[in-house]
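You will see subunit A twice below: alongside subunit B first, and alongside subunit C after that.
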Partner chain A sequence: MSLDVYQRLLALQRRRAVPAASRAHRHLSQRPWVLVGYHLAGEPSAPVAIRYGSFRGQPKLLVVAEPRDRDQRFAALGALARDLATYVSRYTETEPVVRVGNGRDLDVDHCCTDAPQLVVPNEATAHWLDLLGQYLRTLDVDPVLQTAGAHLGWFASRRHLPGSSAVLTATDLLATHWRTGQLPTEDGHLGRLLAWVEPPAGQDAWTAAAAAEQRPPAGPASDPEWDLMTLRPALERAKQLGDVRRLKLAAAEVLDQAWRDTWTALDLVALLPPGGHTAQRWESDRWSWTRHRERVTAGTIRFGGRLSDVPAFRFLHELETRTVALERQMALDDPLVMARWLATGEAVAGTVIKRDLEHTATSARGSALLRPLLWLRTQGFDRPAGTELWLGKVGLTVRASTVDTVELMVTSGAVTRPKFNLLPECDAEVVLAPFGPQQYFPDNLPEELPWPARPTRLAAPAGDAEPAGDTGE
Partner chain B sequence: MDPRRIAGLLDAPGCRRRLAVDVSGIEPAVLAAAVGAAEGGQSPYARERDGTFAQLALARLPELAARHLGVRAEAVVETDELPSGAGLWSWRAPKLRLGDTDLTVDRVLLVGDGTRLHPIETRSYACLDGQADPTKVAGTARELAVTVAALRQAADEPDQVSSACLLVLPRNFGLNPVGTTLDVAPQLRRLRWVLDRLNAGTDRISAALEGPELVGALGRVPARFGDGCPSCAVYPYCRGDAEQSGAAARAGATVANLCGPVGLAADALALAHGDRVPGDETEHAIATELSRAALAYTQAKTRSQEPS
Partner chain C sequence: MSEAARRHEAAIEQVWDRVRGTDRAVVVDSPPGAGKSTLVRELTKRLVAAGEHVPVVVQTNDQADDLVIALAAAGLRTGRLHGTEWAPPPRWPRDRVRTGTKLGELGGCDVIVGTAAKWAYVKADDRVWPLGIIDESYQMSAAALVRVGHLFDRLLLVGDPGQLAPFTVADEHSVRSLATWPLDTAAGTVLRHHPDTPVIPLPVSWRLAPHTAPVISDAFYTRPFRAGADAQDRRLDLHTLAHPALSQAAETGWALLELPAAHVPRTDPALVSVLADLTHQLVTADASTVDPSGGRPLTSADIAVGVVHRDQKAQVEAALQRLGVTGVTVDTANRLQGRQYEVVLAWHPLSGRRDASAFHLEAGRLCVLASRHRQACVVVTRAGITDQLHAYPAAEPVWLGTDPPQVDGWEANRVFLDRLAPFRV
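For the complex of A and B:
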């Protein structure tokens, strides 16, 4: 969109990121579970060092002296799993909620009052935790590990849903709220991104970003050079002498940067006032968490592989619905996000110059209907007559437009006299949005499933006959 | 040049500098030193894993070839030329060329079904529940396409080498090899575009240059900065260049595409703010688009200060 381009150009010129949002569009938990870590190169199931915790000043550090040794790995993952269990056990308190159930009867349901939140530095770490969860679920050594796998599976399932705040990545948080003047792929580097948003005093973004690149990576893949020069000797020492101090020191040193950066990202977003719909979206996370917890407690939790057929159709439908809802909610919550639609001309900003509250239109049956008219002074409106726009719950239709005025007819929301107070007064500044009330799309099954949801009907390769038992190692 | 670098040309379409570097066969180490790039390299752990997996996969190749391509072979046979017939071969340090460029490959594994040869590739990224990371598979497919193209050039009959390859990956979290056939015909078609330019490559840089002289020579070849650039060997240099000159492309392809012929960020902003008179139709269109965004952004910033 042209606003993104303009913002990136501005950032380039100012050598500093420019705000792309003035509200926090993600829910920020009072007590997030922040995790940064490294795994052995190429082996996501072999963590080397993980730093995690809910308090910036008191991170826990977990190191594995021999990451490829299953017993040591399980011992370390067991410690992580127990801490995760302790963390999520805080989110068991429920409150009664009255909902409309089947047959329009009122049901009382119970929803958790809060849900856990996982915060990681970047997408790659979030993906690593998905894999780690998958790995833990295949293990049959310790039920604690499997439960942790189930919880990580829940986080993974929420991660791809637009508008969910169950998993936050620091890079995504910053990229949602600020626009930089570097390549979009470079925004995936937390250090660089932070250098643009909050460069150290006296430095411009170029210098700060270049300096950030020299610091240890935020994980989960470590610097190959560090692997060779630091990790290998430290692991050797830990293995031979049983002395993990050097390993701990080395790990704490390299993970410290990512740890601090992740918290800084949270702080920066927390400075913005929360967006109006954020709590509503978080409620969906809370419901999901409630259901997940019930399944874990009842032991009925299942994680399927690839979706196909009806579940795939429903999932795609949910993604689409959520994407539309998120765009709408963010734009209505935040003038800076709405500006994207103003820039493309889908929304209109202007001053009311005239009102005609007595205007009537004739219905199909010949009766007169009250349909007030509004005239707006604006700039460069180029949409055709018949375009629908919204001012909160008031729906308007464009009747005519010139270079600098638009004539609009109120078609819903304020077509009776008692509701005329919802209409703007003369000289009022208004922004008419292309978004009306929240739309609900029924997920009725079509006669034929769209192609992405159809099962792949390729001839099954002979490979399917492989023994299914040898998951894990 | 290794297949990865040639396949990398697909990341940056239209960049003459990248093409020139690759055509001229400049040593990667020399280039990295000249432009001040970090020493790339592989973690010792990744290398060990790759090695172990390659060994394991090699031992299981007859089984995988039989299952996926229906070829019965007892074991992998060493060869020093392009084989024919049915069987499994390992060709160490093959002399392969692509156009006029030498291709450096450690080893090519081939399986023949009697009429055609299928290349085999082993990689150590995991195939989880029958699904491997799509980005990595796409990268492998592009590199395989380069190998196939080179093998076809070496063969008497290009059709002798099939585009259907066998990709061997470790299964789930272990090192148990699984195979899958991967047809790289689409990648081969895309590669043809690159190969035409490789062969016609007009910009050449002397491979003997080093340090500042090499940088100077690089600067004389026009570049096109874009989203695919971080994978390029000259990236640090081009990036610094774009930052110094204030190029709009520094902020990515979307910005560069919208700004079109207006190459500098400052000029584009001047158009947006009405400080510069658009010279022609194109600039006029860019000015309209950007000034609208500028107005929307300025007004929105005022509105966002008001309590909602």
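For the complex of A and C:
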């Protein structure tokens, strides 16, 4: 049975979310840039109010007295852009990294020691910031705005990459680490989701979630009733009297909930010890940030609208590699994630009851090969002989099984005597995973598309729209 | 020569003319068992006779092994380009076949067969072959094609348009945001960029029997085809009393076995045990398969169990091992593409599900499962699929910049069930 379904049912019964992970699988920055905000109904390019900053107790507030007025809008966004520039300017320090270059030469490269991190309440806000970034980049007004747009473009390019922590959404953070008893689509509402994970004392999740729905939404779309009763009079007053105090008060009040909820999500995940591979994945974000900064500094940054041609194929390769790697790394880092694989029977847990280190198999050429055998006591094993499993770097194949014992032959990783210390002793408790050592395949793509994938009569499209993000690993 | 055989020969000659002509690419649309492998073998022989060296790109190691065995049997000096973990299957023709992980180890071979994944890593030192053959080109993705396309000056793409579309482990929505669709089929990519490419359909299925071919043709194909065999040509004889589903399938070619309707986990234990049981009965039923070449006992190598997910495969395999049945192929639809068996037992993709998602509705998935057999196919499922189809709204997004599938999965599923209704057990 799927552990996911079980956990959702368990959450439903307990009326509170249950942990789905025991490690933090996202990198949490010491100093994230948190942003919540509203735009005018139906007009994403017209921000009404944005609350942002790196310190929970000192948020900055941006309001636009006449959101439809471009001059006012850009003046307000200019302040945001300057603050973003100040924030990212902290991430310029680099450290030398030695890597193997072409042939056997060692190359020294420089990687930023840390990278900026953007945290927003939900997917919709992250998407809104992508749009704002495009808007700032394409309207040629002010180099500060353009650079801010480029940085937002970098965040956007990392957003869809599995395992990247450059952009965190509070809803994704919580949904990755907890299972609620509500529908997955309902988990997209930050207030509701948080009510399941951390209901106020004495309340069950349903009551708390219902109460959360009554509070102001996390944005970027505002509550229509608030628009009518509060925003409209405040905007009118600001427009007629030039007095934005009421607007500021109203905005600060209504955005406060999302602001606090987003920080709470960060706090909750920070209580978990970081997963073993989290830092490694963050390193790829750091390299990407380093390359992005170099392009910004050199003025060579470009953003294609949608990837096409060779970069599109490269992006698919990167997505696939990262998807597989993230799945594997999360399971190996976190027993609670590995439990999902145990529940489906793809991983096996048990106790070693017997070993035969002298066992040999015959190779195709007829020579004897050392292939130790292990016997495991387990429960309800239902996989066929021939199933391949891994214990770290040691590969094993199931030879035979009964309902509660499995006979395994070591096929790689520990087939010479010096490596036998990698094999578990008798009575050891082990978990055999369906993942072997991580494999890296180069994307192996040509520099330009070959003729079958290129129009004959039309000229080949200019394939120079580099993806803004680049792992640089 | 029969009418069917004449039409088939004519199609092959048409392909040969095109291959000798000036078209940069030629696509051959082949329904299940339409002699695609024979065509590849025949054309390769002719090309080799004309002094050419022929590289062949296939999609899986099983397909490569099958093709190498066939080419070697036809007397061609064949090279098998393989990865480091490959091991030769049983009955491997050692004398006429060379194997190697590098091109340099395959000198003197007329034909070199390898998977697309392997060809992508071949160091060819700028060598370009005048003509390359791509087999199962509707199973191959554009992403695989762009990695091997530079090796060939011209291409012959052969494939079954009714098979599964290429898939990815990545989140499809992220991939769909691209201006290019890297998971288009190889044949589709060539046809999109080179619209003048001739498409030659093979009109006759030699695998499917006259009573099973129309169901497949109606449900899954836009270009109709017919069976090449005569109604009296084939027979499956069960000598001992067997499950009604097996006797029904032996008699009519189809059987639809429905278990009581239920919403169940993906690895439905009841379906696992029914499939294992039916397979066990079939192996022990003392059955024989008869075709114009004569009769012979049905062995476990003639039987396949087709499933949808890998965990189902593991469960069915384990259940068969517990019953002491060995040698029966159990695999997912994806891996059964391009393969052929006498009898196939199929796990219906929608069985026991609450939803009808795009993955489970895909026409190619059901088509592959239902068209691997020469004699008979038993489809096993939980009851209630028709209701499920009608209750589940089609909510899949329509994507810009990609061609819609030729056959709608929802409609294909409906037609298939409709046509199988008379064979319900």
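Everything below uses one rule, namely that the second predicted complex is superposed on the first by the 442 of 473 C-alpha atoms of A that agree within 3 Å, B and C clash if a C-alpha of one lies under 4 Å from a C-alpha of the other, contacts with A are read in each partner's own complex, and residues count from 1 in each chain.
Criterion: a residue touches a chain if its C-beta (ideal position, glycine included) is under 8 Å from a C-beta of that chain, and two chains touch if they have at least 3 such contacts.
Predicted model only: the values in this text are computed from it and were never measured.
Asker: Who does A:R70 touch here: subunit B (first), subunit C (second), both, or neither?
Answerer: Neither partner.
Asker: Kindly classify A:K239 by the partners it touches after superposition: subunit B alone (first), subunit C alone (second), both, or neither?
Answerer: Once the two structures are laid over each other on A, A:K239 reaches no partner at all.
Asker: Between subunit B (first) and subunit C (second), which does A:L10 come into contact with in this model arrangement: first, second, both, or neither?
Answerer: first
Asker: With the two complexes superposed on chain A, say which partner A:G345 touches: subunit B (first), subunit C (second), both, or neither.
Answerer: both
Asker: Between subunit B (first) and subunit C (second), which does A:G276 come into contact with in this model arrangement: first, second, both, or neither?
Answerer: first
Asker: State whether A:K60 touches subunit B only (first), subunit C only (second), both chains, or neither.
Answerer: After superposition on chain A, A:K60 lies in contact with neither partner.
Asker: Does the superposition put A:S2 against subunit B (first), subunit C (second), both, or neither?
Answerer: A:S2 contacts both subunit B and subunit C.
Asker: Looking at the overlay, does A:R295 come into contact with subunit B only (first), subunit C only (second), both, or neither?
Answerer: neither
Asker: More residues of subunit A are touched by which chain, subunit B or subunit C?
Answerer: B
Asker: Would you check which partner chain A:P446 touches, where first means subunit B only, second means subunit C only, and both and neither mean what they say?
Answerer: The answer is second: A:P446 touches subunit C but not subunit B.
Asker: Could you pull out which residues of subunit A sit against subunit B in one structure and against subunit C in the other?
Answerer: On subunit A, the overlap between the subunit B and subunit C contacts is residues 2, 305-306, 345.
Asker: Which residues of subunit B touch subunit A in their complex?
Answerer: 39-46, 49-50, 67-68, 124-126, 128-131, 171-176, 178-181, 227, 229-230, 243, 246, 248, 250-252, 254-255, 258-259, 265-266, 268-269, 272, 288-290, 292-297, 299-301, 303-305, 308
Asker: Taking the complex as given, what residues does subunit C use to touch subunit A?
Answerer: Per the stated touch rule, the residues are 24-25, 87, 120-121, 142-143, 145-150, 155, 168-171, 174-175, 177-180, 182-183, 186, 189-190, 193-194, 265-266, 311, 314-315, 317-318, 320-321.
Asker: Applying the document's contact rule, which stretches of subunit A touch subunit B when the two form their complex?
Answerer: 2-13, 19, 22-23, 40-45, 131, 134-135, 138, 180-186, 206, 222, 224-225, 227-228, 232, 276, 305-306, 333-336, 338-340, 342-343, 345, 349, 379-380, 431, 461-463, 466, 470-473
Asker: Quick check: in the complex, which residue numbers of subunit A touch subunit C?
Answerer: Touching subunit C: residues 1-2, 160, 162, 305-310, 312-313, 315-317, 319-320, 322-324, 344-346, 364, 382-387, 401, 444-446, 449-456 of subunit A.
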